[in-house]
Amino acid sequence: MSDAPVLLEMRSITKEFPGVKALADVNLVVRAGEIHAICGENGAGKSTLMKVLSGVHPHGSYDGRIVYRGAETRFADIRASEGAGIVIIHQELALVPDMSITENIFLGNEPRRRGAIDWRLANRRAVELMARVGLHEDPDTLVKDIGVGKQQLVEIAKAFAKDVRLLILDEPTAALNEADSRHLLDLLRGFRSRGVTSIMISHKLNEIEAIADRITILRDGRTVETLDVRADGVDEDRIVRGMVGRELGSRFPDRTPRIGEVFFEVRDWTVRHPISAERRVCRNESFVVRRGEIVGFAGLMGAGRTELAMSVFGRSYGVYESGTIVKDGRQIVLRSVADAIAHRLAYVSEDRKAIGLNLLDDIKASTVAAKLAKVTRRGVLDAVAEHRAAESYRRELRIKAPTVDEGVSRLSGGNQQKVVLAKWMFTDPDLLILDEPTRGIDVGAKYEIYGVIQRLADQGRGVVVISSELPELIGLCDRIYTVCEGAITGEIAREHADPETLMKRMTSTKRTQPR
Amino acid sequence: MSRAKDLRKNLFGGTTSNARQFGMIFTLVAIVVLFQILTDGLTLRSDNLIALFQQNSYILILAIGMLMVIVAGHIDLSVGSVAAFAGILVAKSMSDWSLPWPAAVAFGLLIGAAIGAWQGFWVAYVGVPAFIVTLAGMLLFRGGNQFIGNADTIPVPEGFRVIGAGFLPEVGPNTGYNNLTLLLGLAACAAVAWREVRARRTRREMAADPTPTWISILRLAVMVGAIVFASLRFASGRVGTSFPVSGIILVALVLAYSFYTRNTAGGRHIYAVGGNSRAAELSGVKLRRVNFLVMTNMSVLAALAGMIFVARSAASGPQDGNGWELDAIAAVFIGGAAVSGGIGTISGSIVGGLVMAVLNNGLQLLGVGTDRVQIIKGLVLLLAVALDVYNKRQGRFSVIGGLTRSLRRDTPTPAAPEAQRAPAVTKVPG
Amino acid sequence: MRNFLGKSVAVGVIAALALTACGSGREEEPGGSDGNAKGFAANALIGVALPAKTSENWVLAGDLFTNGLTEAGFASDVQYAGASTTVADQQAQITAMITKGAKVIVIGATDAAQLSTQVAAAHQAGAKVIAYDRLITNTPDLDYYVAFDNFKVGQLQGRALLDGLKARKPNGPYHIELFSGSPDDNNAGVFFNGAMDVLKPEIDKGTVVVASKQTDVKQTAIQGWKAEGAQARMDQLLTSTYGNRELDGVLSPNDTLARAIITSVKGAGKKIPVVTGQDSEVESVRSIMAGEQYMTINKDTRNLVRQTIAMVKALQAGQTPEVNDTKSYDNGSKVVDTYLLPPVAVTKANAAEAYADDPKLAPLTR
């Protein structure tokens, strides 16, 4: 493998944005037929490097040279790079939900005959392409009607429709469940055996370790090293060391839990689906949280964990049907998010950008957004109080920004997540529900967020962590509920929690699925 | 820190939105100066300034409401029709039911609130897009105006005309100026000075690096200078004229709404809803209430604008309000609001509206016909927003950037300051 | 802080003083000195504010004013209102003219009742205001009114309609429909009343029948004199009333509407009725010569503009302009001194004679 010919070489790439040097003298060598992983913390320059490669940042806007298939290239735009067979698949899928699979595969690349689109040919080719990526669906199915895992496959089929030679995948498994992820990784292996070269950006180090031939690690816009996975005996810890520049002792800080009484209880919770009246998001579910306890909710994507949590949090999802919430021995009724906040509940949402933050705001406005009353004096916002509050959280959570006047859109994912945490810590909650708190966050920030979660629990609050990463739940939680299809299927104490047990419970009531 | 850098940071604004606003004010001043030269000094003459405010106060009042609507992520196309509808009812209430004019004004505001509640209901509680609701409202209330007025013109009594065509009375000793206008100017100077002092105190309490004293003084001097100049101009018009009553209503509304949008939770909620409605909802913002209030408020202001126009025209007519929505929307967008919501300021919209107003007035003074005026205004709107979009894509503000670069000459390299680099560096504790 | 405050106050005071020095005292204008007008400079600015360019007439009038005033040695500023924001535009234009120091402002009002504030301001600034073609209402500050005798226009239209009907079909009853102009235009009602002055007796006798029964001015009005409004109304009338009935005649207040009405009738595949008009627009004269539109009124804009400019010249010289009606035109606040010009009815029969010295229309009549 190591003596395979070089397909792509990026030499001394330097890219500057006003005020920031995003890439400094980065080198990348990709050999034909390999899977090459690019690792680095958020903000290390991975995406920028790929944008330079694919012509999003056109030739001339960066320094350095790109040699592809033996010749220097100067892509002016993304069409030029696609013409050369370099296709990039972004984390946010570029599909039109209301178009069919075929239409999506050939979007912008439609097979034509005498000016009109030849749909027969398109459908036939779509079926071929879908077979190559292991997708078995009617090509006329609308993309919105298939799961996110299959959508990812449509994206890849779309790439093949363009005669891809070099496939670039940005966080391809971030939104996929375990089964879909496995399928995708198998697919990549299959491509490798057929000679397609792939570049993969991922935070999931276990996947990289399992699939990559070589790994290039970036840190702060510079190349740190390129590792040969087999020859160098690379494992996760080795990658982490490269990414953060040193070893992480333990990924979970030490903690001795001090668990108190049950203070929060959900009983016989039944919620109707917001659109179809027959479906129940959950039916007669009950769970409890104790003071000082970190409770995990383990479940595959789409298992209904988020829906359950949000329905408890002021009925912000679905239609409430029956059930009671008891907090500190008294029954409470939460009709709205405002009610929930008033009863000192907090919900840190799964999707920061879509529903967690107003990206137009700065850090200080975001920090106080869920409890403006706390910085309001006689109806008027107190700018000084707001600034002080935000500043204290910036220090406490080590949010990396020069001042709290910085716009949250300019922060990295990890720091954005810290701002969301600050926003909810500011409401001084008794019960904090964290939905996928570390998704898409780099290793260093993850570690810090674990520390924050533990501190919150140690202050006597109840913390609920929803996650699909089992090691995270096992490392962090005192007790774990497993959820499957809206039902709580198990309750496992920390000492009994291991991935196999959890996975079994997470899939236990699963009805037989088509294929 | 060098002085030039201080100036850049404090006067032109460290943040992008401040820079945007400075750009607009700069444009406004440039246009004023341009026309002042082209019209041989007519533009800044007392009578013209007074007329300018009288002619545009109602559009600027609409712009206030429209800004809030647009920030919340909606649009209101019905304002012109609502203004006309309220105007004709108010005129009728005085001519047919002989309502005294203050009661008629209250009646007009009530009509506005009722219409606003109607539109707000559909937008907030039923979830019909505001574009559709207000498009319907545009037809509905235009038709209502013609139905009630029989497409006729209804005159309004003298007392009522004060809110549109009135001036401050002449009181006190003969100083050669309108005394009340001078007093207003003095009050404004005091307010500006007080604000600057408070801003300095606030910055100190935040433990931020304080604004250098000379900058505060320079800023204060510029503002006080502008106020003194304006109040002398307004006070020295023909006897019987002064700062117009409609202008006072406008200024009062601008101050009140600026304060509301900037310094209260309610105002913050409007920005939150426009910036990311789902996130706002999950932060406990009552989405429906915000949308409802924003739409209601817009119609109340539209009714007020309609009444002011009727008062100024001395009669309510079937053409009232035609095309106002476009002027108000243009003002808001020229003033830097984002089409997708969440961004924009009252002061920006007012400046945007004034840019259009001065342009209109200056071209008219030059004798340019309405056909060409419309073409020019259309191009200005397009260019202003295009420049904004372009600058955003470049990640910097080229007009301002160009200005400040020349001021920065004494700081040799424009290399990234440490502060900006910080987020990229990752440190791990422990 | 004290230091800072002190400095700022000092700066403020200096700035204030500096500005006070340049802002001089205010002009104490006596306000439109009445009685013996003193006249003004022979090259003074004369403002002309006209409605939106919706008919040829206004465009022509604008050109004539520009040329005529320039020829007479005045500086002229002729402005049209915008197409949609008419009233506000005109208000702003008049104000701008006042600011520029116009000595006489000629106004063809877009809305007769909504200009009193501006007319008052003009008066206070010492400018004379002449209402051109449309009377401005509710203002005591209007000085003169120049127009064609519009009641007479209506009478001529009514007369011609009856003549045309008789010429086609010796005996009634004739089925006709009535149209009137924009309700915000003071003249619209005057035209209509003039026409009804002639038609009413025949309607009462039953020789002329308004089949739709829409005889009230409010029912017949076309907002804004818009052609599409007239066409839409005619379309509706044809569907509702003339499914199996012949339409013999239509009273139309002007040419633009007349042509729209004819278009509608043609579209419905009906025989073109006797349609009246007004303004002698080029298209309508063509239509008359082609035997479609029956008549129009020749209110020679040239004469009206000539008369207006004559008044301006008189004012310039400090004389009282000639008027021929000081009783009929009450605008709600005062009876306005008026000069009325006589209109002429034109049909195919007398077109050549009527337009003989009109360079644009004369060729069409040959």
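Per-chain numbering from 1; labels A, B and C assigned in written order.
The rule is simple: contacts are C-beta pairs under 8 Å (C-beta built on N, C-alpha and C of every residue); 3 or more make two chains touch, one makes a residue touch a chain.
The shown structure was predicted, so the numbers you read here are calculated from the model rather than taken from an experiment.
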| item | value |
| --- | --- |
| Identity of the chain that, by mean CA position, is farthest from subunit B | A |
| Chain occupying the most central position, where position means C-alpha average | B |
| CA centroid of subunit A to CA centroid of subunit B, Å | 42 |
| Whole-Å gap between the CA centroids of subunit B and subunit C | 36 |
| Approximate Å spacing (C-alpha centroids) for the pair subunit A, subunit C | 70 |
| Subunit A partner contacts - residues on subunit B that touch it in the complex | 14-15, 202, 205-206, 208, 262-265, 268-269, 271-272, 275-276, 278-286, 338, 342-343, 395-396, 416-417, 419-430 |
| Subunit B-touching residues of subunit A, taken from the complex the two chains share | 17-21, 41, 43, 220-221, 244, 246, 248-249, 253, 313-314, 316, 336-338, 340-341, 347, 349, 354-361, 365, 369-373, 376, 379-381, 383-384, 387-388, 391, 398, 400-403, 405-406, 410-412, 415, 423, 442, 444-445, 447-448, 451 |
| Interfacial residue positions of subunit C with respect to subunit B in the complex | 1, 3-5, 7-9, 11-12, 15-16, 19-20, 23-29, 52-53, 77, 79-89, 91-93, 95-96, 98-100, 110-117, 121, 124-125, 137-139, 182-184, 218, 221, 223-224, 332 |
| Subunit B residues touching subunit C - in the complex, by the definition given at the top | 42, 45-48, 51, 55, 146, 150-155, 161, 164-165, 176-177, 189, 193, 196-197, 200, 213, 216-217, 220-221, 224-225, 228-229, 232-233, 235-240, 309, 312-315, 317-320, 322-324, 327, 360-361, 364-365, 367, 369-371, 373-374 |
